[in-house]
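Below are two complexes that have subunit A in common, paired first with subunit B and then with subunit C.
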Partner chain A sequence: MHTAWTRANTVLTFFATVLSVLCVVVTVTDVFHKSDPPISVELKEVKRLVTHRGRQDQAALSMRLDADLRPAFSWNTKQLFVFVQADYATPENAINQVVLWDKIIENKADAHLKIRALRQKYAFIDQGRNLRGLPLNLTVAWNVMPKVGRLFTRSKTFAVGTLPEEYTA
Partner chain B sequence: MDFEGQRVAEQWLIKLLIAFAAVGFLAGYLTSNFALMAYINAAGLAITTLLVVPDWPFFRRHPLNWLPPLNPAQQQAAASAATAVAAAPTPAKAAVVKSRKQG
Partner chain C sequence: MDFVKSQWDGFVGEFKSMNARQLIGQGVNLGLVVTSALIIWKSLMLITGSESPVVVVLSGSMEPGFQRGDILFLNMGSKPARTGEIVVFNIDGRDIPIVHRVIKVHERAAENHLDILTKGDNNYGDDRLLYARGQEWLHMKHIMGRAVGFLPYMGMVTIVMNDYPMLKYGLIGVLALLVITSKE
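Then we have the complex of A and B:
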């Protein structure tokens, strides 16, 4: 502390210590931020159900999504990564998860998603030929990316019905 | 900056930085504004640096009181007496020692 340089060094290093403690405190506030965003997703229409290359089933879905993710934003949230995935079980795999659509939400004002005809961004292809007559679940999941702290995911799953028994033409 | 000034400066910087962090956190959390917290902390760093780093006059209010200087003649006499007692040199050697001290 006897020269200006040593004092400047002390100020900066102590500031860094204070900031690191502050970051921990900010992260803890997210533990107390509980949210239950109202979400609904429905299967509107199965546009196509075919065999892909003769070995794998492929479906093209149209969905209706209404998700109000504004409550998921806390003061420490940078952005959300939202995705819709198909969840189902087949004799080949007990757990199948196929992401159909995703979106990055950068601010709270844009977090109310109302999409009447949600079209797939990514193909829905099974590993085998198991999609006919399959009871399907759709999961809406959102990654919360905080400004400070740990990234985490929350999700809600809906049973949306059964795929058609026969291939479409 | 004197010793008392250094002590005061260190206490101030610790208290100021913690106070700004606490106020910034509360303000940011209560208004749900993360940037506000960051700006309050940045302002706190700037203010603390300005206050503590330069050698302001109020850090120099407690100068050290040094003992008054001894009389140079007395000092020399004491030194030569000490060497005489320790080594008991011949007059020629003593003269050499004395001339070195003066030189």
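Then we have the complex of A and C:
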């Protein structure tokens, strides 16, 4: 009487077990995928440095990016979310992280980024008036989004000099 | 239909043939299934520190990374949020938590205070329009957890069951029947 149910149940349970074990194994292979992609980012030009609403400094930067992220792809990588951010410290804030630009890379073939004049996608606005003469770090980070399993982020930070001492006109 | 009827008769017959002792035993069995599911969920909450350790993606705002029906595993952790992380947050006055990426972080030097701005990968602008009126930043208290694991498609079941509640009750009923009448 119950054999049909029991069999269906057994088959389904076995299928689910095999599937979950496979998922775990695939995820673990990513742990052994080590990569050290060559990356460089430079501050090309500070186009604007002004006060925003009279309370907050705002800067517009142009950057040069060369990042070969092809080694970061493994067989379990669905896409990379790459971003460039400004990293700096101010008297009020110990840590400021402002993403300036980002890009989703879905194919390994598209993962070599060479951008001579990288323009900001997001506004670079400080919470105070601290951007003048500020030593600036630019970080290139890539969030690895898997087909299944663990998500993780890797990054490289570069000291790219200081912002101008005076506001631009 | 005949199949369903014969199965149903089978269940009923099974039921009638049980004595009180067996009935209680099967009831306890069903209770065990329910409570162990609860135990697993609560243990996950304890380990991850997140009030909802597993969430289903309900919108397409993080496409193509996450699609509707994908499952995310969350971990709260003790570390403050950083850019690039995908966090799940609650907005005051909104029922459904949102899964988006952190794009700005300002951490105060003096006190333990964090200003966070998020954005959906597939959205054009940042999330200030989604936040409560006048709210410019998220703080750690809004954040329920950060995504650490990804499992595609498996959440589709929950979405379908939410869209068709009858299916949910039907499924629960059948499963309960199976547990109660199963002979072990």
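The working rule: the second predicted complex is superposed on the first by the 160 of 169 C-alpha atoms of A that agree within 3 Å, B and C clash if a C-alpha of one lies under 4 Å from a C-alpha of the other, contacts with A are read in each partner's own complex, and residues count from 1 in each chain.
We take it that a residue touches a chain if its C-beta (ideal position, glycine included) is under 8 Å from a C-beta of that chain, and two chains touch if they have at least 3 such contacts.
Note that the structure is predicted; figures quoted are calculated from it, not measured.
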item	value
Which of subunit B and subunit C A:F83 touches, first, second, both or neither	second
Partner chain(s) touched by A:N107 [first = subunit B, second = subunit C, both, neither]	neither
First (subunit B), second (subunit C), both or neither touched by A:C23	second
Greater subunit A contact set [subunit C / subunit B]	C
First, second, both or neither for A:L151, with subunit B first and subunit C second	second
First, second, both or neither for A:T168, with subunit B first and subunit C second	neither
First, second, both or neither for A:A141, with subunit B first and subunit C second	second
Partner chain(s) touched by A:E92 [first = subunit B, second = subunit C, both, neither]	second
Subunit B versus subunit C as contact partner of A:T13, first or second or both or neither	neither
Subunit B and subunit C footprints on subunit A, overlapping residues	1-2, 147
Parts of subunit A lying in touch with subunit C, wherever the complex brings them together	1-2, 5, 9, 23, 27, 78-79, 81, 83, 85, 89, 91-99, 102, 104, 106, 122, 127, 141, 143, 145-151, 153, 155
Of subunit A, residues touching subunit B in the complex	1-2, 4, 7-8, 10-11, 14-15, 18-19, 21-22, 25-26, 29, 74-76, 147
Residues of subunit C touching subunit A in the complex	10, 14, 64-65, 82-86, 101, 103-109, 115, 121, 126, 147-152, 178, 181-183
Residues of subunit B defined as touching subunit A within the complex	1, 6, 9-10, 13-14, 17-18, 21, 24-25, 28-29, 32-34, 37, 41, 45, 48-49, 52-55
